[in-house]
Structure formats: structure tokens, C-alpha cells
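The following pair of complexes shares a single chain, subunit A, combined with subunit B in the former and subunit C in the latter.
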Partner chain A sequence: MIKKSSKVLEPITSILLAFLVGSLVIVLIGEDPLSTFRVMFSGAFGSSVNISNTLVKTTTLTLSGLSYAFAFRCGLINIGAEGQMYIGALSASVVVLFMPGPGFLVVILALLAGFLGGAIWGLLVGVLKVRFGANEVITTVMLNYAAQYLIQWAVCGPIQDPNSNAAQTVMFEDTYWMHYILPGTKLHTGFLLMILSLVFFGIFLWKTAPGFGMQIVGQNNQAAAYAGISVQKNTLMAMFMAGGFAGLAGAIEVLGVQHRLLKGMASNFGFDGIAVALLGANHPVGMFLSGILLGAMKSGGNAVQMFTRVPSSVVDLIRALVIVFVLINVLSKVLLQVKKEKGATIHG
Partner chain B sequence: MADSIISFLAAMIRYSTPLLFVALGVLVMEVSGIVNMGAEGMMIIGCLTGVVVTHHLNNAWLGGLAAMLVAGLFGLLFGALVLEFRINQTVLGVAFNLVGAGLTTTLNRAFFDGMNAGTTYGSFLGFPIPTYIAIGLVILAWVAMYKMKIGVQMRSVGENPVVVESVGISVKKLRYIACAAGGALVGFGGAFLSTGILSQFTENMTDGRGFIALAAVTFGKYTPFGTLGGVLVFGIGETLSYRLQAGGGAFPYEFALMLPYILTVLALCAFSRNAKDPAALGVPYVKSH
Partner chain C sequence: MNFIELKEITKIYPGTVACDKVSVGFRRGEVHTLLGENGAGKSTLMNVLYGLAKPDGGTIFVNGKETEIDSPKTAIACGVGMVHQHFMLIPTLTVVENVILSLDEKKAFIDKKRVAARILEISQKYGLLVDPYAKVSSLTVGQQQRVEILKALYKNCDLLVLDEPTAVLTPQEIRELFVAIRNLIAEDKAVIFISHKLNEVMEISKVITILHLGKVVGSVNACDTNARELASMMVGKEVSFEVARGEQKLGGTMLEVKDMHAKDSKGVETVRGLNMQVRAGEIYGIAGVDGNGQSELIRGIVGLCKKTGTVLIGGEDMSKSTPRQILDKGVAHIPEDRQGMGVVMKMPIRNNLVLDTFYDEKFTKGVFLDWKKVDGQAGYLIEHYGIKTPDAGNPVSSLSGGNQQKVVVARELDKQPRLLFAVHPTRGVDIGATQFIHEQIMAARDAGCAVVLVSTELDEIISLSDRIGVIYEGVILGEMDRKDANYERLGLLMAGKRDEAAQTVGKEG
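== the complex of A and B ==
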């Protein structure tokens, strides 16, 4: 019972501690943390429009978290969601810009292209690891920069809006936008795709043989090899899927939110995804909940930037601290300590 | 032609200096068995500290010293979390990078936006003095690692901590020392970037150098001179990138910017298999009773 409740209490403790340290920084800036957080909360949940904006951010964030989780379940650390998102967004944009056709079909093709583009960018990391032993953390970070500059080149050159100096493509025609699912809000069908992706992840992990095999690899390389499960094949597959979901996030961001490809469009969603995955324990349900929290922080952060003197980057700091505290596992470490001491007094 | 080669080499040595400090810091930690994926975060903290302290005290050396102190403390914190809680070092490193980015961006926007360092390091024969110090540190690191007791102990801790502990040497103590020294070196690299190469702080100005340093150490097979070689290779990439950007020729600017990163990936691919990692690298050490 303690174990079950600590599963919920542990992340909550981490969040509270992160906000506590964040408050110290806000105090240092000379602002009131409570009123800052109130602005953040109402920015995230204050109206149906705000809630829908939060859920739109949740969509992209959770898919980015899914990217991290997919690799992590195979024992890999994918810091490359940011770059994979860029490539996914580029692939989807190219389809929309150069393949005219009925809106519905083009959007589906663009989403597929986004997934595939990100997947190939991720697979590249898997290949470099399997073939050359190149550490995936370093290669994913390096490829993030490469992807970012590739997109920058594309939107300042070959696919730039000819009528603008801005680093962006033309606005897509609205037949190629993802449909809005709630009238009067910006919530779009990508949200449903995100939930389907989480369901797929859960089924894959716990109801299929390849998912089971991949988790064995993630837990113990050698045991997997003994059991005849190929570490190499699983590494490639996991990086392909991880890249794919990040690519899908990128495609959804351009088709459902920005409606054009912009320089810098990934705007840290890739790194936010790490927090989503860790806070949600790489579990589909957990990631859905942490996706909502991180989405709220992101949309609330915009309100903080607008209405207070606190820079929105304080949200990035709190997000990073959430990761640190989740890793430290404060609650169980402290509980364990108390238990040990209790045991000592009883036996002593 | 000869002139342009010399000016290219001179620029390369200059641009390589911050990375050399960072790579040496990473090397110290990795040799003792700790993976420092958080170098990027420690470096950016060094960048901001360097500019702020240099500006206020009007002395670049004091700025560098302050950066060493602050980043060294972050190194110790990293060490404490890794050694006391046995956290996954790679993920913690990534978290440290995000903390570093979030903290420096927030503090910079709130207090120091656009602050100029105001002064810089002195130079000798055309190179800033820290460049000579960095090269001196490479030699010192070699002597310490292979000719002195502390270095031999440090390397043993990275290879086989159980044996080291069994002869009565504290594994934790050695790794704490490595974390503090490593963080301090990384921090100075940051300060030299923001006050020696440039003269102000900009958000995320480290641009992946913390990770490139990790690649340089792998490239250099965990030896000081090998690391120097790795740093110079990346220095070629960076210098070439600046030249191509400034050239304004047919080569797109963005591809020039990509160059150091692509080079890092290629170098990792070419050298990862040959580099023998310290056997206990990244493995949490549990003291047996």
C-alpha cells in the first residue's frame, strides 16, 4: 500500500520541491512567487480558451515525452526529440507545400511523412550506435543542432515565403490544417492522435512480444542476448519509433498549431518531453498527466512573461528542477531513511 | 598563402582554448569513473558568472576565479547526487544542462541583460594568457595521471573502485575531488568563452560545447594529450565554420554552422570503438560492508 501511494506522492513531492526552489529565484528577482504562480495558473486554466491552449501544448509535449520513453524502455537515452521534431515538421511541410490534393488525404500523408522523417533521423542515431558504438546522448544533441540549422536554411532559402523577409514558409491553406474539435477553441485532432499513440505504446509494451523483448533489452543487455533477443535490432527499432513519435509531434505542431514552418519552431518541446517522461515514469497514463502539467506550465509561462516582471524562462528552470527531484527520488529516500532508523531503534 | 595558414592556425588555437578547459574538466571526472553529461550546464553557469564578476570587479581573472568557484560547487553538487543517491549519471547530467540553461537565462534576463565584461585577459605573443595555461594544464594532467600517486589512484578508481577501497583509500573522496576540480575547469572554460573570446553573455552561448568536449575526450582515448588532439580537431571545424560564414560565398551560412556538429558525430563514429572507457565509467559504486 505504501508503494502504491508513493507512486503518486513521489512525483507530487518532486513538483512541490521544484516550485519551492523556483520561488526562491522569483523572490531573488524581487517578485512575489504566489502571485506569479497565480498568474501562471490562470494563464493555464483560467478560461476554456486557456484550457484548450494548455491541452494543445500537452499534445506536442506528451508525444515528445513518448519519444524519450520509447527509447528509455530499451535502455537508450534520446535527447534528440528536438531535432527529430524539426525533421518531422520539415517533412510534413514539404508534403503540404508540394503535393496538392484533397485536404484530408494531404494531412494524413503529411502526418505520415512527419513520423517517417523523424523516425529516419532517430534511426540514424541507432545505426551510429550499433555500427560504431557512438554514444547516443552526444549524437542526438549534435543532430539537434544539425536539424535546427537545416530548417533554418530551408525557411530562409528554398521554401521561404517569397513575400516575406521572415524565416518562415507561407501560411498553409486552411484545408490542410488539422481540424478543430471544440468550437471556439484551438484544440485540434492532434490531441486524439496523441491519446491513440499513448494507447499504442501501452499495448506494445505489455501486450506484444516485441514490446516485451524490447523491455528485456532495456533492463539487461546480457540477459536479452542469452534469451536470444537481439540488442542491435531492438536498438534500431526503439530509435526508429522514438524518432517517429517526435517527428509526429513536429508534424502536428505545424499542421495543427503554427500552420507554417518557422525557424525555431520546436522551441524546447524536445527537452520538455524529457520531464514529461521522467515525471510520468515512462508510463502512458503517467505521461498523459505530466503532459498536462508541463503543458499548463508552458502556457502559464507565457502569461507570466506578459503580466509580471518574471521572465518566462523561470518555467524552464522549474521544469529542469522537476527532473532533478524526480531523479533524486526524495520521498522514498527520506522514507527509507526514517524506516531504517526506526528499525535500528527497535533492534537496538 | 603561408600568412593565411598561420592566421587560420592562430584563430584555431584561440577558439579551441575554452573547449580545452572544458574537455580537461570532463577528462578528470571521466577518468575517476563519473560521466559528466552536465558539462554544458556547468559551462554556461561559468559563462554568466565570468561576465558578471568581471564587469563588477573590472578584472577578468577574478571573473574566471569566481566562475571556477561557482561551477566547482555545481560539480560538487553533481558529485553528491551521484555518489550519495546513485542516480543515473547521464540523465542527471542532462537535467543539470537544463538547470544551467534555465537558471542563467532567467538571471540574465532579470538582472544582467546586455552587460559587457568591460575588460579581458592579457595576452602574450598574440595569444591570451589562458591559452598557455590550458596547454600547461595538459602537461600537468599528464604528469599527475601517470607520474603521481593521486593520478594513479584516480585512474584506479575509474577502473576498479572495489580494489581501491580494499587498500584503504576512499572511493568517494577521490570522486568528490574529481567532481570539484572538473566542475571548476569546465567553469573557467565558460568564463573564458564569455570574457576572453567574446565580451558578454548570450543565452545558450555554449552551443553544445559541453558535449563536444565529451566527444573530444573519447576521441583522445581518455588521455590528456589525446584530448588536446581532439579539441584541436574540433577547433579546425569551428574556425572553418567562422571563415565560411564570413566568406559569404556559395556555401550556405547554415551549413557552415552545422560543420562542428557533423564533425563531432563523425569523430565519435571513427573513434568510439578504439577508445577504451574506464571500466567503472558511469557505474554507481556501492561500498560493501
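== the complex of A and C ==
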């Protein structure tokens, strides 16, 4: 039980420490940290509109985190959520722009296309790894650039809004937008899809045989091979799903938030997703909570910028510090382990 | 007089008394063995002696004078040297450089030549030959061990602690080590020898102190005792080395390997046209020095590494099959690298007990795992195989080595396999668990399972096998029935001397 409580305690101490250091910085600027945080909090949760804005950000962030977590549970490091998001957004946009039909059907098809597009982009990484032994960290980063330039080409060429010089498509007709679920706010059905995705992830990991098999691969691929579990198949499957959830995030971002495809729309959501996964310990409930926190800091940061003399980069700083402290926690655990092994001198 | 004497040493760790008023003295000019199962307190005692653990009670006398050893530095100053089981060497540096690193000299410049000369001098004196300018990574395991011993001797130690020094050595290297130990004794040094291997202990020691559950059971002179007596003192109960064999029910050929070739991870061909046959109801022991292709042979057969040639299991050609397809033919496998392959250390014991069976219909409902049934199976195996744990939800890493191996053995044998591969099944496992594992393997054989046993321990091979094949440089160099096996013949074959081995046939071993 000690272990379980420390699992919750560690992220919380990281968050507290980050806010403590953040307070120091705010004091150095000559402002009052408490009132700044109050502004930030009300910016994130002060009204139903603010809460909705936070949860909309949470949706994209958490799905992007889920992408990282899915690969991580199979022992893979997916830095490519950003590129997979772009491809998902592109696939969904193409469906909306070229597929006639009733709104809800097109939206469902667009979401599916987004998932599939991201999944194939992720699968590519899996294939390169299984077939040629290419390190997935390198290939995912490279494919991020490829995806980014592909979008740039698309929105400056074939699917550019003909009436505009901006690198973007036309605004989608509102029948193809994701439904708003809270009257008067921008909270859309994507939020529910995100929760469903997390539930699916939890069930897959802990209730199904393939999920159990994938976790064995993730923790010890030699043992997996020995036990008759194919490391190759699981690598492909995990990268497919990881890419799929990132692609879904991209599709939701265009269908629910931007309502058009535009250059640079997913910038940094992919990397913030890694932060969500790290802080949430790759656990569905943990990632939901950390997604809300990081979403809140994004929307609260805007309020800080507008209503105080503290620059919003201080909020970015606190966000970064949270991650640094989480990593230090992880690192110190690794170091402690090493020390223990060195200290255990005689194994008799 | 004792050079170093430990008196009533007590060390308490939360929940356990690791050493309970342990008194033992070490004299110059003799080898003193500490014998005991894992957890008997040997390691704690040595950590106290080397200043790595602070005792909760008791005193240490050096040359009759009460001395407090609070750090390895003090221990070294008192003349204590320690050779750990896991070497503390930097592979990319040379022998001299490693020795220099271990010195506590605070000088800006160190005369490498002088150090090298002194190393040579010491190594010649004790028969620990090694080139001071050789890179450690280019040395064999036996030579690396010599470097560790040299490091201690360089610092003028008078008492050398050797922690399970023979576990990693070939029979030839063990002989060389023993020569060196005898040289040390002749120079009036004291040696503390820690080992599980009773034959070696009997051969090299003058005095043997047996520890059990943190207490000294007794100290005996090697000339007044025998291996059987030592074993019972060590385990705290009577031990039989004989494994009861049931009547053999020999069946048809279960495994046939024809002209198999396989390479190791470095691309060196280690299995070179190997042929063998194993029948249902027999234990086929593969003896040999480590690294003669055992590893790749078994991994190749079960589909875990690339190979050429033919593998027939129950008459079916499985040469191109995946590990899963092979497992599904009723194959069980106790792998050589328990922690690297046999278990997932951070996963709960429960999960590890179904590591290669969870996808079976018994434990699933469609794609879903039936955790109730998994729990039931885990509970049954823990009880039936005597795995000592308070909770099946604890990670496997919380278990002792012997109990970890029991997890693997329980999982594999409960499948009631037709064909079992047991690779070093008792490596690093204490005597009690060893006996248990041997009984389980024998029970599988009695039930008609074909067993392939790979081991570097000749005792294990001889006591279990019905038929023995000796592997040498990737082929089975010779085969013999149990009744024809003896140490001399097996030893010669293991060294690749087929002709000389042939001359021993018909001669009593």
C-alpha cells in the first residue's frame, strides 16, 4: 500500500514544488503570487465558459498523452504524436471537404479517418522498427517534420481556401462541427470521446489478454518472446493505436475547435501530451487529472497575461517545472536503485 | 591465535535478525569456509567485517585487539581484502589502471611502471598470472577474477574474502584458483571462502562454519566431516542427494534434432551440425562447459533464435515454427536466464505464474482475461509448489532467487508437458529449493515427459539423467547411459578429448 500512496504523492509534491518556485519568481517580479494564482484559477475554472475552455484543451492534451502512454506501455517511446495529430487532422479535413452526406455521418467518418490516418502514420514507425530495427525515437521525430510539411503543402495548395491568402482551408459548414454539449460554451462531444478512449485504454491494459501480453512485451521483451508473445506484432499494434489516438486528437481539434485545417494548428500539443503522460504515470485516471491540470494552466495562463502584470511565460515556467520535478523523482528512483545494487555487496 | 575474531555479532534489519550473536574466528594460514543457504547471514556478516554494515551488538578483534571497523577504508587498513561476486572493474581500462583506481593514494602523479612491476611481482609470487597492460575487456572471467584478487593483495591484505568465487569459473579455472589459494595460505594469509558447492568446500577448506537463519550451527574441521553432514547442518534437516527415481516408462522419440546450426548474438556459429534424440520418459542430460553452444541449441529448438537444420517434436517438423506454435505442442521451458527471460521482475507473482499460459482458454473469456481463474491458479501453484510469499500481488522481485525459480518451475511443470527443457534449473538456488526442483523434474520424467536437462554441474547431470550427452564446440561429442557415466569420462569429453575418454570405457570410474 505504501507504493500506491507514493504513486499519488509524487506528482502532487512535484506540482507543489513547481508552484513554490513559481511563487518565488512572481515575488521577484514584484507581484503577489497568491493573487496571481487566484486569477489563474478563476481563468481556468471561474465560470462555465472558462471551465469549458479548460476541458476543450484537456481533450486534445489527454488524447495526445494517451498516444504516448499506449506506446510506452509496450516499451516504445513515441515522440511522434505531433505528426500523427497533423495527419489525423488532414485526413478528417479531406473527408469533410470532399464527402457529401448528412452531417453526423460525415463527422463520424471524419473521426474514423482521423484515427486511421494517425494510426497509419504511427504504424509506419512500427514497420521501420520491426523490419529494419530503426529506433522509434528518431523515426517519430523525423516523421513529425514530414507531416508538418505535408500539411503546409496541402493548405497552401490543393485544399487552400481559394478566397484567402492564409495557409488554411475554408471554414467547414457548421453541420460538420462537433456538437456542443454545454449550452453557451465551446465544450464539444470530443471531450466524451476522450473519456471513452481512456476507459478503453484501462480496460485493454488490465482486463484483456492482448493488453496483458503487450505489457509483458513492454516490461521485458525477452520474457515475452519466451512466453510465445510476438514482440513484432505488439510493436506494430502499439504504434498503430498510439498513432490512432493522436490522429483522433487531430481530428477532434479541426472538427471541434478550429473548424478548418490550418498550418501550425497542433504546434506543441504533441509534446505537451508527453508531459500529460509523464505526470499521469501513463495511467488513464492519472492522465485525465494531469490533462485537466495542464489544460487549466493553458487557459489560466491567458487570464494571467490579461489581468495581471505577470507575463504568461511564468505559467509556462511552472508547467515546465512540474515536468522537471516529475523527472527528477523518476531519476532519483533510478539512482537509488543503482546505489542499492552497488551497496549490496555480497549476495550470499 | 585468531588473526580476526568476530564476537557475538548481532545485526538486526527491520523484521529480521540477520545475525544473531555470531562468533567466529579466522586464523592465518588457513582457508575458512562460511557455508549457508541464501539468507543465512553470511553476507551480513561479511558486510560487518568489511565495514559496510554497522553491527547492533558484538565486537571485532584484530590481532587480539578490540577494533571498530566503520568503513571499508578501516577494514583495508586492518588487512581485510574482499573479492565480490560481481567484479568491480572498468572493462575499457587496463589491469594497471584498474589497480590504480582502487588505491587510496592522493597523489597527482602515479608511476604506472612502478605499479605494473609490483603487480607482476605479486602475480608471480601467488601464481595469478595476468598481463598488467591488458585491457580488462579482453580478459576471460577467470583472469578478471585474478585482477580482483591482485587489487586486494596490492593493498597488502592479510585476510582475503572470496564471495562465491567459483560460480563463474570453468573446472580448469577452478583448479587454477585453488592453486593460487594454496599459495596464499603458504604465505600465511587467511582466506574466507564462501560457496554453495560442497565438494569444493571439502576440497579447499581447513575449517567450515555453518550458518543457518542468522545463527552459527557449528564449526567443523573439513577432515572430520563429509558433504552429507554439511548439507544437513546447512538446511537444518536431513538432505538426500539421491533423487528417488520411479520406474522408467520409456516411450517413442519426442525430440529429434538433425544437423542443427545456430549462431550466437555476436554472429559466431556455436552450434555446428548437432544431432540428438530424446525419448518420452527419459531425462537426457547435456553436460558441458558454459559457452559450447548449449544456450543457442535450446533457444534454437524453441524458436527463439535463428537456426538451420531439422527439429522434430513428437514426429512433427517444427523447424520453421514460432515460439507460440512450439509451446502449443506441449513444450515447457525453464530458461537459463531466470530474471532476464523466465519472469518479469516488476510484475506481480500472480501474473508471472501465467506468463505463458494466460492466453489459454482456461484463463480467458473471449479477449478478456478471467482474473478470478488466474488468481485461483496462482493460489494453487503457490500452495502446491511451496512458493514463500505473503501475497500473490507482490512483485516477483520481492522473492528470493530460489522462490523466483519455483515460480518458473511451478508454471512450466503444471502444464504437464510432453517435452521439458530445463536449463541450469538450480543455478543460484539454495540446497532446499534445489532438492525440490530436482524432485519435480524427476516426477515429470516418471509421468512420461521427455526432459532435456542442460547443466554445467556434473553432480546434477549425473544424479538426474538417464542418458548423458556431452556438448563440445557445438556438437554432441559423446553419449552414454547413466550407468557408464563418471567424472573422469565426462570431464575428458567436456575438454574435447574424445579418444582419451573412449579409453575409460569399461574401466571402473
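Note that in this section the second predicted complex is superposed on the first by the 289 of 348 C-alpha atoms of A that agree within 3 Å, B and C clash if a C-alpha of one lies under 4 Å from a C-alpha of the other, contacts with A are read in each partner's own complex, and residues count from 1 in each chain.
Here is the rule we go by: a residue touches a chain if its C-beta (ideal position, glycine included) is under 8 Å from a C-beta of that chain, and two chains touch if they have at least 3 such contacts.
No experiment lies behind these values; they were computed from the predicted model shown.
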First, second, both or neither for A:Gly213, with subunit B first and subunit C second: second
Which of subunit B and subunit C A:Gln152 touches, first, second, both or neither: first
Partner with the higher number of touched subunit A residues, subunit C or subunit B: B
First, second, both or neither for A:Ile323, with subunit B first and subunit C second: first
First, second, both or neither for A:Ala223, with subunit B first and subunit C second: second
Subunit B versus subunit C as contact partner of A:Asn163, first or second or both or neither: neither
Touching partner for A:Thr139 - first (subunit B), second (subunit C), both, neither: first
Contact set on subunit C toward subunit A in their complex: 34, 36, 38, 40, 42-43, 46-47, 50, 52, 82, 84-86, 163-164, 194, 302, 304, 322-324, 326-328, 333, 335, 337, 340-347, 351, 355-356, 358-359, 363-364, 367-369, 371
Subunit C partner contacts - residues on subunit A that touch it in the complex: 207-210, 212-213, 215-216, 219-220, 222-223, 225-230, 343, 345-348
Residues of subunit B that touch subunit A when the two form their complex: 37, 81, 85, 87-88, 90-92, 94-96, 98-99, 101-103, 105-107, 109-111, 207-208, 211-212, 214-215, 218, 252-255, 257-258, 261-262, 264-265, 268-270, 272-273
Contact footprint of subunit B on subunit A as seen in their complex: 25, 28-29, 77, 79, 128, 131-135, 137-139, 141-143, 145-146, 149-150, 152-153, 156-157, 271, 274, 278, 309-311, 313-314, 316-321, 323-324, 327-329, 333
